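One structure is given here, and the rest of the page talks about it.
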Amino acid sequence: MNTVLWIIFLPIIIFIIGTFMLGYSRKFIARIERRYGPPIQQVFYDIFKLMNKKTNISHGWMHDIAILMLLGGTLLTLYFIPVPGFHFFAQYGDMLVIMYILLIPALGMALGVGETANPNGSIGISRALMMLAGYDIPFFLTFIGMAMLNQTTSMYELINIQQAGGFFGWGLITNPLLGVAALIALQGMLGEKPFEVMVAPHEIATGPMTEMGGKYLGIMMIQHAIAVVVELTIYINLFLGGALNWFEYIIKLFVLFTVLLSVNAVFGRFRTDDAVRFMWKIPLPMAVIGVLFIIF
Amino acid sequence: MEEKLTQRSVWEKISNKLSKRSLWMLHYCTGCGAIELPPTMTARFDMERFGISPMVTPRQADILLITGYLSVKTLKRVVLTYEQMQAPKYVVGFGSCTINGGMYWNSYSTMKCLDQYIPVETYIAGCMPRPEAIIASFNDLIAKIDRGEANSWKDYYKNYDFYKANQDRTFEGPIETYNDIKADAAMFNIK
Amino acid sequence: MSIVSGLLLIALAGVILNVLFYKSKIVQKYVSLLLFAVLAYLSFNMYKQVGSHFSIPFLIAGQSIGFTITWLNYYFALMITGITLLTAIFSLKYMEGKEGIVHYYTVLFMKTFGMLGVILSSDLITFFVFWEIMSWSTFSLMSTGGKEAPKSALKYFIFAVTASMILMVGVVLSYSLFGSFDFAVIHSKIDSLSLPMTGFLLSIFIVSFSIESAVFPMHSWLPEGYSNTFTTFTAYLTGISTRIGIYGIILFLFGIFGIQTVDKLVILGKINFRYIFGVFAALTMIIPTFTALYQHDAKKLIAWHSVGQGGYMLIGLASANALGISGGILHIINYLTYQVLIVFAIASVEYRTGTTNLNKLGGLIKKMPVSYLALLFGIIGLAGLPPMNGFVSKWFIYKALIMSGYPFLAIAAVIGTIGTILSVYKLIHNMFLGQLPERYNDIKEVSFSMQLPMWILMIVVFGLGVYPGLAMGLIAKIQTSLGLAVVPYSLHGIASGSGQLNMLVITALFMGGLAVAWIIYLLGSRRKHVNQYNNYAGGHFLNKDVAYNFNYEFYAAIEHVIDPYRKKIIERTERGIIGLVDAVSEYVRRIYTGMINTYAIYILTAFVITIIFLKELI
Amino acid sequence: MSGVISISLVLNVASSGLILLGLYIIFTQKNLIKIVIGLGLADTGVNVLLVSTGYIDGNTAPIFSNSALNISNMVDPVPQALVLTSIVIGFGVSALALALIIRLFEKTGTLDTSKIRGLKW
Amino acid sequence: MVNPILLIIIPLGTAFLISTVAGSLKNSTKYLAFLALLANVWISISLLPQVLKHPVNVIIAGIKPPLGINLLVGPMGAIFSIIISVAGILVLLYSFKYIEGEGQSKYYTLFLLLITGSQGMILTGDIFNLFVFFEILAISSYILVGYAGDRNGFEAAVKYLILGSVGSVFILVAVALIYQETGTLNMADLAGKFASVASGKKMMIMLFFITGMGVEAAIFPLNSWLPDAHSSAPSSISAVLSGFVIEVALIVIIKFVYSIFAMTEILQYLSLVGVITLLVGEFAAFNQGNIKRVLAYSSIGQIGLILFAMTLNSEAGLSAGMMQVVNHTASKSILFLVAGYMIKMTGSYQFTDYKGIAKKMPVSSFLFVLGVLSLIGVPPFLGFFSKLNIIIAALAVGNTFNTVMVFLILLGTIIESVYFLKILQIFYIGDPIKGGVKEAPFTAVFPIAIFAVVILLGFLVLPEINIYAGSAAAELFTKIQITQVF
C-alpha cells in the first residue's frame, strides 16, 4: 500500500521539487546578474501557461509520440533511482538499466524534433547527440568504476555501502577522480553552460525546441524539471552517499545544483567540437585513471 | 465588452490570472527600437520579474513585439511569424513607425498602420519609447489579460478576410504561409 | 530418415529446381517460398532429435564424416531457416522483375545449404566443405546487384579465401595431430596436446573464423561487400551469414577446446588468450561504430554496425562467465532480428524510392509509416535501449564484464553504444524524418507481403525484449550441453542475487510513464498537424524549392574531433598489400624477358645454383 | 703411356669444349642462325662425349670381319649406335629450327633475338 | 593380355598412315586418328587391372633386358597412359571443328606423334629410348606450337625449340655419363648398378638429367619457354601441353629420383624449387591480361604444386601428387579449350574483352567456372581432395620447413583464386558483348563436358582414385617395378 502511494506521489513530489529548483536557478542567475529575477514559482506559471495554450501545432504522429517518450522515459528513470524511503523498483533494474533508460528521453526527443523537419531543430539535435557522446562516455565510465569498486551494480546497495562508511565512505571522498569527472559530465548532462550549445537560443533558436510550442513545450518543461532532479540524484547516490531522509536529500540537491549553477553563471559556451574534445580530454582520462586506481 | 467579462467562467478567470504571470516575447527587430530592449531586460529594469522573458521562436512566444518600421518585404515575414504563433497571442506595436509610419510616413515602401494587416493588442507610442514606457505598456497588457480583455488575436480568425485582403493588396498577390486560418478557427473552435 | 538429411536435401532441391526451371516465375517465387517454409518447419522440429548423429556413406582420408544435432546447432538452424523464410517472403515483391532473379534464388538456397551444413557438421571436413560452399555462393551473389558489386565482392572473396585457407591448415593440422576429423574425438584428445601447439591450433581456427565474422583488423570487406548487393541479400548476409563465424568461435572455444584448456593459454604470465581476444572484440565494437558516423549510404552505415555488433557477441564470449556467454549467444538472435528488420526497412525505402543515399532521402515517415516503425523498432534494438531485445543481451554482457573485472572492455561497449545511437539516429533522421523532397510526394507504403516480415520481426524484437526467457531456455540448454554454468533465468529476465533484471517491470513502467505522459498531453487543447513547410526558419518562407533540412554532414563537429585519430591504418595497410602484390607480380613477370639468350642463361644458372646448393652432397 | 696425351682425354676435352662453346654461342649471340650453329656445336660435343664413353684404349673397331680379333678387344659398339640416332635427331632438329627461323624471318623481317620479343612478361 | 607396346605402335603407325593417305583422304584423316586413339584408350584401360597385380615387362625383339630394349609398365605407367589417351582423344575430338583449313592431316599426324612420344616416355624401360621418345615428343610439339602459322606461333616455337634443344643436350650428357659409369642403359639394371657408384658422381649425373628434363617439365627457372609456347599454340595444343606433356616430363624426373638414382637427399631441395615455381607462376599470372598467358602461368604454378607434393618423400605425397596430376589435366584442359573458343569468337586474347560473355556462351562459361573451381581446390571438386591430400601429406612429415611451405602454397592459392575470379566476374557481369559471339559447337563442348564430369564427380569414386594413385605411388616409392624385373 505504501508502495502504491509512493508510485503515485513520487513523480508529483519530484516535479514540485524540480519546478522550484528551476525557479531557484532562474532567481540565482538573476541575482548574480544583479537583477531582481522572477518569483521562485515562475516555472510553474510558465508550465501552466503553455499547457493552457488554445492552439497547438504538431508535425506528425512521431512528434506527438516523441513527447510522450520524453516524459515517459524520464518517469521510468525516476522509478529506478532510489530516493529516501523508496527503492522498490531499484531491485528490478540496476545502474546498467539506469544507464540505458537515461538515453530513452534523448532518443525520443531526437525523433520528435527530427519529424518537425526544422533546420534549427535538426542542427540542435545533431549537437545534442554529439554532446551526448561527449559527456555520457565519462559519466558511464564513472558508473562502471563505482560498480567495480563496490562490486555491485545496484544503486541502492551502493548507497548503503557509502552510508556505512559515513562521510569518508562517500564516493567523492573514496575516489575523488571519478567524482570530479562525473561532476563535469553532469554539467554537460544537465545542459548547463558551458555545455549548452545544443540549445543556443541566439544562434539556432533553441535548437530542438524550435517547433515546440504550447503543450508540447509544457510537457518538455515538466520533463526537464523531473530530469534535473533525477540526474542530480544519480550523482548524489553515486558520490555523495545518497540520502537517508528527505531533508538531507533536498539539501544535497540544492547544494549540488548551486555548485553547477555557479559554473553555469560565469561561463560562456563551448563550441560542439570543443565541448566534445574537452569532455574526452579532461573528464574521460580522469575517469580512466580513477578506474585504474580501483583495479590496482 | 461588459458582456464578455461576465461570460468568463471560473476556470478562465483562474487561467487568466495565472497566464498573465508568464509572457514570452518574440521581438521582431527591424528598426532602431531594438536598442531599447536590452536595458529593459537587464539589471536596470529587469522585465523578467513580471515573468516576461525573451523567446526566439514564434511557436513558444506569446507576444510579438514589432519594433520599428515595416517595409513590404519585412511585413511578409511578420505576417508569417504571426501566423506561426500559438494562440493566445498578442501583438505589441512598438514606436511610432508601427502606428503611422513615423518619420517614414512619406516613404513609398513603408507600412503606415500595422493593424491593417494583423490585429494589434497594444501600441507603444514614441520615437523611440523608453524602457519605462515598454514596462508600462506590458503592465497594461498584463492587466488586460487579467481582465480577460486581451482578445484581439481572435479578430484575426474572425475577420481573416479583411486582413487577408489588406495583405494581398499590399503584397500584390497572396503569400503562401501554409496556414489555413479559417480551418484553424473551425478546428480550435475560436469564436 | 534424419531431419538433417531432409534439411540438406530440400535446400539442394531448391538449388536444382531453380536452375532447371530458370524460366518459371512460379518456381522462383512460390515453390521457393514453400521449400523455405518446409525448411523452417523441419528445423523447428529438430529438437526432437537432439543428440542424434547421421553419417555420410563416404570416407575421406579413412575417416567417416557426418552430421550431428546439438542444442547449439538447433539454435542456429532455427535462425537460419527462419530468416531465410522471412527474406523469401520479403523478396516476393522486392525481387520482382529484377535482373538476376534466378541467380538470386539459386544462391539463396545454396547459401542456406552451405550454412546448414556448416552448423550441423560433426567433423572438420564436412565443416570445411560446407564452409567453402557458403563463401562461394556468397561471392557469386555479392558480385551482382550494383555497380560497385564486383569489386567489393572480390575484396570479400580475398578475405574469405584467406580464411578458408587458414582453416584448411587448421583442419589438416588437427588431423595430423589427432588422427581424426571428428569434433568429439578432438575434444577428448585436446588435453594431451602441448600448450604452444594448442595455442597455435586455436589461433588458427579463431583467426579464420574472425575473418568471417569481421573482427577488427579483418573487417574491411564487410561494409563494402554487404552494401553493394541486393538489399534483401544484405539482410540475409548481415543477419546470419556473418554470425556463422561466431558459431565457429563458440564451437571451438567452448565445444572443442573447452574453456579450461583455453584458460591455460597465458602469455607473459598474466595476459590470457581470452583477454587478447576481448581487446580485439572491443576494437571491433568501437572503430566500426564511429566509422558508421561518416557514412552517407544507409546500407553501408548499417553494414558497419554489422561489424560493430559482432564485437558485443565476442566480448560476451570472451568474458567466459555464464552471464557473458549467455549474453553473447543471446545477442546473436537479438542482433539477427533487429538488424534484419532495419535492413528490411531500408529495402522498403529503396524499393519505393530507388536509392539508399542518405543525402537524397527524407521525410518518408508521412508516406511509409510501417517501414518507419520497423526501422524505429530496429534502431532501438540496435542502440540497445529498453524495452527492445538488444538491451537485454547488452545488459548481460556489461554485467558480466564489470563483474569479472574488465572495466575497459565494458567502457568500450559503452562507447560503442553511444556511437551506435548517434549513427542510427542519423539513419532514421535522414531517411524518414526531416524534409520530404517533392519528388517523393507520390510514393506509397510497401505492399503487404513486404510488410508482413517486418511486422513479424517487430513482434519478435519487442517480444524478446519483454520476455527474454523465451530464448534463455534454449541458451541454458546450449550452455549445459557445452559444459558451462547456467544463468538463473525467468521468463522476463534473470534473477540473481545482486542486481536482477526484470524486463516486464521495466516495460510496464515505461508503458505507465507513457500513459501518464499521455494523460498530461490530453490536458492541453487539441493539436493540429501542419504542413512541413509551415516551419519557423527565422521568418523565412519555406517551400518545395528549398532544400532547407540539415542532414548532409550531420555529425561534422564530432568528425572534426575524431578525424585526427582516424588514421585509416587498415585501409592503408590493405592498399599497401595490394600494391606489394602488384609490384611483386610485375617484377616476377619481368623474369620472362622474351630474350632467348636470357632464357638459355637461366638454364645454366639453375644448373650452377643447384650445384652450389647441393655441394655437400657432391 | 705417361707423358702422352691419352685419346680419351682428348675426347673429353674436345667434347666439353664443344659443348661449352656451343652454349656460349647460345648465351651471347643474338642472331638466330648463330644460335642454331651453337646448338649444332653443342650437339656435336655431346656426340663426341657419347662416343668417348665406349672407347677403350688400344682396342679395335667392333667389326667381325676378322675372326682373329677377340670380342674383348673391341670397343663398346653401343655408344656408336646411340650416336647415330643422336646425330639423326640433331640433324632433324637443326632442319626444323632453320625452317621455323625462315618462317619467323618472313613474319618479322629480323633475326635479332632482342627484336623478336613479341612474347614477354 | 594386351600388349602395352600397342600403345606406342598404334599412334605411331597411324601417324605414318595418315601422312601417306593424306593426299586422297584430305581432312577426313582425323577420323583415322580418332580411331587410333580410341584403341589406345581401350588398351590403356584394359591394361590397368593387369598391372595392378603385377608390373608388365615387354621384351622387344627377343633380347633380354640388360642388353635388349624393354617396356616396363607399372600402375604409374598405366595410369599415365590412361590420362594421356583419354585427354588425347578428348582434345582430338575438340580439334575436329577447332582446327580449320587445308592440310589438317599434318596436324593429326603431329598430334599422334606427340601422343606416341608421351606414351613412350612413360612406358619405356630404356634410358636412351626415353631420350628418343623425348625428342619425338619435343619435335612434334615444336611444330604444333607454330601450327597456327602466325608470328607469335613461330616466335614461341623457335624459343621452345632452342631451349628444348639445350635441354636435350643436358639429357644426352646425362645419358652418356650414365653409360660411362654403369655400362648399361636399362633402367632396371641401372637401379641396381647405381648402388655402387659414388654418390658425388651420381648426383652430378642426376643434376644433368634433372636440368635437361626440367626444361620440358617447366620447373622454375627452366620454364621460360612455357608462357610463350602455351599461350601461342592453338588452344587444343595448349591443353595437351599443359594437360600432360609437362606432367610426363615431371613424372620421369620423379621416377629417376626415387627409383633409379634413389637419391632422396635432393628431395627437400626439389620441394623448395616446387614451391618457388608455384609462387613465381601465380605471381606472374596475377597482373596478366592475356587469358592464355594467365592459364600458362597457372600451369607453372600447378606444376610447382605437383613437384612439391611428389618430393615430400612419402607415399602419401606421391599419391596426392598423382591425384593433382589428374585434376590438373582435366581442369586445365577445360580452361584452355574454353578459352580457345572464346578467343575464336571474340578475336581477342584479352579477357577484359569478354564482358558478359556468359550470356552468349553459357555452357562454355559454366564449364570454365567448374574448371576454375577445381583448379583452385574448392570442395567437392577433385581439386579439393588432391590439395587436401597434399597438405595432409606435407603436414604429416611434421617439420617446420613443410609447415612454412604449406603456408606459401596457400598464399599461392589465394593469389590464384583472385586472378581467376577476376576473369569469372568479367565473364558473368556486365552487358553482353556485341558481335556474332555464339556458343561453341557440340564437338567442342562435349569433350570439355567430359573433363568437367571427371572433376565434378571425381569425389564419388574417391576411394578408387586413392587406391590407384596409392599403388602408383607405392610403385615409385618402394621400387617394386625395379626389383621384379629380374
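For reference, chains read A, B, C, D and E in written order, and residue numbers begin at 1 within each chain.
Rule of thumb we're sticking to: contacts are C-beta pairs under 8 Å (C-beta built on N, C-alpha and C of every residue); 3 or more make two chains touch, one makes a residue touch a chain.
Remember, predicted model here, so these are calculated numbers, not experimental data.
Asks: Treat touching chains as neighbours and tell me the shortest step distance from subunit B to subunit D.
Replies: Step count on the best path from subunit B to subunit D: 2.
Asks: Shortest hop count from subunit B to subunit E along touching chains?
Replies: Minimal hop count between subunit B and subunit E: 2.
Asks: Select the chain at the greatest separation from subunit A, using centres from the mean of Cα atoms.
Replies: Using the mean of the C-alpha atoms as each chain's centre, the farthest one from subunit A is D.
Asks: Of all the other chains, whose mean CA position lies farthest from subunit C?
Replies: In terms of C-alpha centroids, the chain at the greatest distance from subunit C is D.
Asks: Which of the two pairs, C-E or C-D, is linked by more C-beta contacts?
Replies: More C-beta contacts join the chains of C-E.
Asks: Between subunit D and subunit E, what is the gap in Å from one C-alpha centre to the other?
Replies: Each chain reduced to its C-alpha mean, subunit D and subunit E end up 29 Å apart.
Asks: Would you kindly tell me how far, in whole Å, the mean C-alpha position of subunit E lies from that of subunit A?
Replies: A distance of 78 Å separates the two centres.
Asks: Just give me the whole-number Å value for how far the CA centre of subunit B lies from that of subunit C.
Replies: Roughly 59 Å separates the two chain centres.
Asks: Just the number, please: Cα centre separation of subunit A and subunit B in whole Å.
Replies: Spacing between the chain centres: roughly 36 Å.
Asks: Note the residues in subunit A that touch 2 or more other chains, in rising order.
Replies: If we look for residues of subunit A contacting two or more partner chains, we find 52-57, 120, 205, 210-211, 214.
Asks: Two-or-more-chain contact residues of subunit B, please, as numbers and ranges.
Replies: Residue numbers touching two or more other chains: 57-59, 184, 188.
Asks: Return the residues of subunit D touching two or more other chains; collapse runs of consecutive numbers into ranges.
Replies: Residues 23, 26, 32, 35, 116, 118-119 of subunit D touch two or more partner chains.
Asks: Which chains are in touch, pair by pair?
Replies: Applying the touch criterion to every chain pair yields A-B, A-C, B-C, C-D, C-E, D-E.
Asks: For subunit A, which residues are in contact with subunit C within the complex?
Replies: 11, 51-62, 64, 67-76, 79-80, 89, 91-97, 99-101, 103-104, 106-107, 110-111, 114-120, 122-123, 125-127, 129-130, 132-133, 136-137, 140-141, 144-145, 147-148, 151-154, 157, 205, 210-211, 214-216, 218-219, 222, 271-273, 276-277, 280, 288, 291, 294-295
Asks: Can you name the residues of subunit B that touch subunit C in the complex?
Replies: 28, 57-59, 76-78, 80-81, 84, 175-179, 184, 187-188
Asks: Mind listing the subunit E positions that touch subunit D in their complex?
Replies: Contacts found on subunit E: 128, 131-132, 135, 139, 142-143, 146, 149-152, 154-159, 161-162, 165-166, 168-169, 172-173, 175-177, 179-180, 183, 185, 227-228, 231-232.
Asks: Contact residues on subunit D for subunit E in the complex?
Replies: On the subunit D side, the touching residues are 19, 22-23, 26, 32, 35-36, 39, 42-43, 45-46, 49-50, 52-54, 76, 78-79, 82, 85-86, 89, 92-93, 96-97, 100-101, 103-104, 107-108, 116, 118-119.
Asks: Please name which positions on subunit C make contact with subunit A in the complex.
Replies: 362-363, 365-366, 369, 372, 376, 380, 383-386, 391, 394-395, 398-399, 402-403, 405, 407-408, 410-411, 414-415, 417-419, 421-422, 425, 428-429, 432-436, 493, 498-502, 505-506, 509-518, 520-521, 523-530, 532, 534-538, 548-551, 554-555, 557-558, 560-561
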